[in-house]
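Pasting the structures in now, so scroll down.
There are two complexes below, and they share chain A, which is joined by chain B in the first and by chain C in the second.
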Partner chain A sequence: MTGLWRHELRLFLRQRLALPALALMALLSIASVWAGMAEIERQRDTIARIQPQQAADVAAIAKWVSVEGDAGNAAYYTFHATWDEPSALAFAAIGQRDVAPYILRIRALGLEAQLYESENYNAELALPGRFDWAFVLTYLAPLFVIVLLHDLKSGEREAGRIGLLAAMARNQQALWRRRIGLRIGGLLAALLIPFLIGAALSGASPGLALIFIVVAAAYILFWAMLCLWVGSRGWSSVTNAATLAASWLVLTLILPALGNLAINSVVPVRQGVELTLEQREKVHGGWDKPKQETMQAFFKAYPEWKDTKPVEGGFHWKWYYAFQHLGDLAAAPQAKAYREGLEARDRWTGRFGFALPAVGLQTILHRTARTDLNAGLIYQDRIRSYHKQLRRFYYPYVFNEVPFREADFVKAPQWEHR
Partner chain B sequence: MNPIRLIAADEWRLMRRNRVAMLGLVMLLALSVIAALTSIAQRDNSDAIRARFQAQADQAFDGAPARHPHRMVHYGHFVFRPLPALAAFDPGVDAFTGNTIYLEGHRQNSANFGDVRQSSLLVRFGQLTPAFVLQALAPLILIFIGFGIVARERERGTIRQLFAHGVAPRALLFGKALGLGGIAALMLAPGVLALGWLIAFEGAPLAPSLTLLAGYAAYLGIWVLLIVIASSLAAHARTALMALIGIWAFTVILLPRIAPDVALATNPTLTRLETDIAIKEDLRKMGDSHNPDDPYFNAFKQRTLKQYGVEKVEDLPVNYRGLLAVEGEKLTSKLFDDYADRQFAAQKAQSRFTDTVGLLSPAIALRRLSMSAAGTDLEGHRRFLSQAEGYRFAIVQQLNQLQATAITYDDDSNRNKDPEAGRRVRIDPKNWQKVPDFRYQAAATGEKLQAALPGMLTLLGWLVVLGFGMRLAIRRLADAA
Partner chain C sequence: MQIIVVDALIVERGGRRVLDNLSLTVKAGEIYALLGGNGAGKSTTLSALLGFLKPVSGSLSVAGVDPASNAEAARHKIAYLPENVALYEHLTARENVEYFLALAGEAHGPEEIEAAFDAAGLQAEARDRPLGGYSKGMRQKVAIALAVVRQVPVLLLDEPTSGLDPRATADFNALIGALKERGTAILMVTHDLLGAADCADRIGFLDNGRIVEEVACDQGYDVMALHRRYGEAVAA
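And now, the complex of A and B:
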């Protein structure tokens, strides 16, 4: 038995395209894992690098604010850092992490004006997409499957050996299974071993890495089946190759692009701009409205501050933070609609994934690696709840008019590092 | 009829009968038409929405009630980047950059609500636009149609008959190239119609449109020559097919993705957060307006008092708080410009690196040409950012000047204690209407063409090299004959 396998392996490796194809696949897989790990390392470094800078910034603000001890100033001038740690598997599927910010500073003012800030990235570099393992698997690996399998039978037929093989082999089915197994096994090894090394080095959980492996194998298997089905039609090698490459074009480029077009027209989202415009009107309208009206509206949301000293004179921080929060409340319906629009787009993409293997694969990989649109929304949720903590931290100082001293700065809630 | 045309005509006759080739061609043409129609509709729609939002923001600003001018500085303004007509052909980085910025005093906000962050990962598969169809898909369809164009004749032995009939190898190859070039021209047709529409009805500028057309024609020409040469040099049609798909995957899919990774690693840029902290730090070093004994602002005060020949700020004919606001904004704005310049320079270096890689990939070179001519490259976004910053500075300073001249120092200082003063500092809202509206100035045609030039030269260089390739292939054929 092993003799037969070894014999097939020798035959396979003697083919002109076999070894170079496998070597190239392994090289691309290694390069993509390396590039992905370097990028994620860069992101981790950035997150680590900002910590001392952030601490120094807060210390400098604490120095002058604590002289007067005005809590309103402390809340106004102190920015608090938040960040979205990459998951262990993010290196293999960078997803939206190159265009969505993974670090953001916020303060206790209206959040809706701060939440949608973008990062300074070079859009021309983001345009073609990142070179990561998910890309190699989704786009390039099928081409290698096609190279290795398109002439499995037709090649033998064209070389005039097919009859001979049929006559010689004791078990024809087993012969083809061996040949297919060798090719697909080799390809999977070339793809997966670099990934596994990367996953181990990144400390990924074996369960999640297994998801990657299973979907990768299923995806490769899909392409192998397609190759075998086309190969069984009895066409020439060259027709097989052209048909398969055309299928690749349709399945990985054309249909996903058409799908994107369809989703964007079915689910338009422009509430983002609307909600920021709305929030600004509400916040700044606060300056022109009677103070008592603003305070009563705020006390509906936060009755615990109802009985503190009433606002007098032209300006008080209580009143200022009250209308900041009311701006967020006014924009909440649009913020919700905006978010629902994004979630609907994500949901539709998931549905396309059932029909299009490439889309399904990317959806699962990026969901598992927590680098998709949804991961960005979860980060926004975490920022929302942190913002709430911050406000709740500052409110007692502001509403009870407690002086805010240098020691109070360190008491501020810190972002939870995951 | 000359032999080259004869060969080409013969090729077209064959292709008409080739079901696979016709299917590929029809599919590409259909996609081109869909891409052109949806892309034009989308551009018009996006631009209209942005114009509407801009009008809404302008109206909100002009219609603001009587306020203290510094309230208006914080109320701020929104500006939207209009989408050029040629973005319907190549939207470039538009989806990857935010298209609106909130402008306010003391702060520089980012451009937000770019489409990419509002879309699922599907958008990263590529957007179906005329540019994408011609850059990525058309070459592959050309490969499917043409990989056997010479190799097939050799495999069937018909090439010997042709030579026997006195067809020169030169005429054969050029005839085949002409035949395939005709198909490429057909592929370009929907794009040409789309450009014609954009010029005639949407005000697309003529010279950049023609540059686009020339660039795409050169690009498809490169692929036609590559295919004919590969098909002629390869021993078998299948080898030619494999080699060509390999070249396509390498230059159209792989290199454009690898180059940015290297560019980012070699030219890192500061994140917004770090820039923000660095600017605040620099500002504290230059002068701390919160510190009553700050040397910088004390010197400014002495200078101002001396200029007006008075002893105390209360005696100034203008509101000193307004002057302070003008001075403070000057400092921050200078730092914003410095850091933005550094950021742009680093990004330019990154883009230059990918342009260099573009020497190896006609697709990268074409993308540079296409985005530059369409005005949808990073440079277009940079123009928007710096014009928005210029506008921000101008309106903030106009409002600060109002604070200095339209409000007395006394009222300004007592506005929170004395309700009468508080009323007086809220100045006439007609002042807001005097603030000019934002008008984005797109790059001039000359600048666009200049930016497109390196891409064009790279494509021409490829054509020259492939011209030599044709000579080599012709010599090989002649040797064989």
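And now, the complex of A and C:
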């Protein structure tokens, strides 16, 4: 460090607000990384615990189902666990992982209702969002930039030093660059070092961690530029601080909230729970329809089961699984519309991100950490695919009326780690 | 040897002519006091010499350097004391001097800084205390020490004795007298005719951006007569 940098550093660190501000920023960053890592560790632990519990459940069901060997019972009572492993960077940007399910136990019944029945979370908890590193970066770090930069020049002017500094500095531009560099460098260090430690402990790939670092630096730079622009107006420090605080309120809270309202009104999407109810009503309607009508409709879609033994008498598992299956088919257009609506909202959010740095930042962080809506939809796609495998596994037993024995339970498709 | 040369200088600010054909010179080892009321152009003259303002016409020279075309080189030859010497309150006198020397790109050893503090009359026990508790006179001594250690040929003073008590004023006059003896060209702008008369070799009366009268100590002048003539105008 050259002499001048050393002098500037001493000057900066002796200022009343500098060290407390940097220490508080570091503390918030450490706390958010710790809280994020604890939450992701809790999720990993839950995922790890579900696997032995799943095996114990299946063993208990196998014990009594295999006595009669009724495949309908096996398919009905056996839950199959699915889970969405968090990425290594999820600790820093938890995104939708605290409101969307990351574990879902499914059966070979109608799928749509199962997908959305856990979509009821604590709305009060969801409103402020989780205290993670992305939250600290998006909402709190700009306030620290404002604290450190709002009076960069105006403070010197008000103290009567600006003339002396101008007269003494060999290179005035370099003087201000050094001061900005120290403040932004200190802030970034306080913000990024805890993140980097968290990323290393989580085994994040250096490339993805670098994306976090680059977007964080770009975001901080945006706020620094805004501070410098406001500072260049020649206003007092108090006016600068008030203007920047108002800008923070508008850019990070008010405009994103208005944008969200606008997106919700432009792209109306029904709640997933409504889809669940609709699919259930269609399924339950199946009880009142003539069995042959249900079976014909099912065989039309799946002719491979047409030549199996016909359904006769009262309840039959073939008929039950057929109307469950038809319930999914009936709800398919609404499910598709629901998904397209969510994707459209996501696209609009991305577009808002080009104009609103806070929105753009969160979009990139959550996309990189695989904790965004897209990651949730990918998990749903994997569940759909797994559910298809389950149906393909159980249907030959149910429709060909093949006894289902204890040994058959272990042949069921297993959820694969990503 | 003329160190500060201002010749037929015209400076305009906001469409108003602030300096109007101003001409003055200050020699090495000379103290020149520029007197004038508010708006007469005193501070503008200092700003032009520091290269903060571009003249409309005329010429300037500070130790052979034109501040209008090479402000940085000109400032390298100038020590400037603003009216309120505002240094960093949370740094000690020594740290302030070290900081401003570094800012000016000048390297001076601790012995040179100590000698400058001695020359400026700053008590040894005060040198490592933060400036927060300093009086205006003590702050000026720090700024003077900065000028001494830099050994620049030009010292510009803006209302240097304003707010100083009589003893501090006397100390200050002794200090700049010592700098004068070392060959420094000193230009001070002030409202204080009697104070200027105590220490200046020449006094120029500035009105509407031009010097209307100049008197020299060695030629003798009647201070009271000057006071009657200009006292009201310079006090304004």
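One rule holds for everything that comes next: the second predicted complex is superposed on the first by the 395 of 418 C-alpha atoms of A that agree within 3 Å, B and C clash if a C-alpha of one lies under 4 Å from a C-alpha of the other, contacts with A are read in each partner's own complex, and residues count from 1 in each chain.
Going forward, contacts are C-beta pairs under 8 Å (C-beta built on N, C-alpha and C of every residue); 3 or more make two chains touch, one makes a residue touch a chain.
What you are looking at is a predicted structure, and each value in this text was computed from that prediction instead of being measured.
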Query - Which of chain B and chain C A:Pro290 touches, first, second, both or neither - result: neither
Report task. Using the touch definition from the top, say if A:Val238 reaches chain B (first), chain C (second), both or neither. Result -> first
Query raised in the report: If you stack the two complexes on chain A, which partner ends up touching A:Gly207: first (chain B), second (chain C), both, or neither?
Result: neither
Query raised in the report: Does the superposition put A:Pro52 against chain B (first), chain C (second), both, or neither?
Result: neither
Query raised in the report: Touch check for A:Leu17: first (chain B), second (chain C), both, or neither?
Result: first
Query raised in the report: Between chain B and chain C, which makes contact with more of the residues in chain A?
Result: B
Report task. Quick one: classify A:Pro303 as touching chain B (first), chain C (second), both or neither. Result -> neither
Query raised in the report: So in the complex, which bits of chain A are touching chain B?
Result: 17, 28, 31, 35, 38-39, 42, 46, 49-50, 53-54, 56-57, 60, 64, 79, 81, 95-96, 99-101, 103-105, 113, 116-131, 135, 139-140, 143, 147, 151, 237-239, 241-243, 245-246, 249, 252-254, 256-261, 263-265, 269-270, 272-273, 276-277, 280-281, 284, 287-288, 313-315, 341-342, 345-346, 348-349, 352, 358-359, 362-363, 366, 372-373, 376
Query raised in the report: Contact residues on chain A for chain C in the complex?
Result: 3-4, 7, 10-11, 14-16, 159-161, 163-171, 175
Requested in this report: Provide the residue numbers of chain B that touch chain A in the complex, in ascending order.
Outcome: 20, 24, 31, 34, 38, 49, 53, 56-57, 60, 65, 67, 71, 74-76, 78, 92-93, 96-98, 100, 102, 109-128, 132, 136-137, 140-141, 144, 147-148, 237-238, 241-242, 245, 249, 253-254, 256-258, 260-261, 263-265, 268-278, 280-281, 284, 288, 290-291, 343, 347, 350-351, 354, 367, 371, 377-378, 381, 415-417, 419, 422
Query raised in the report: How about chain C: which of its residues touch chain A in the complex?
Result: 50, 52, 72, 75-76, 78, 80, 82, 84-88, 90-91, 95, 98-100, 102-105, 107
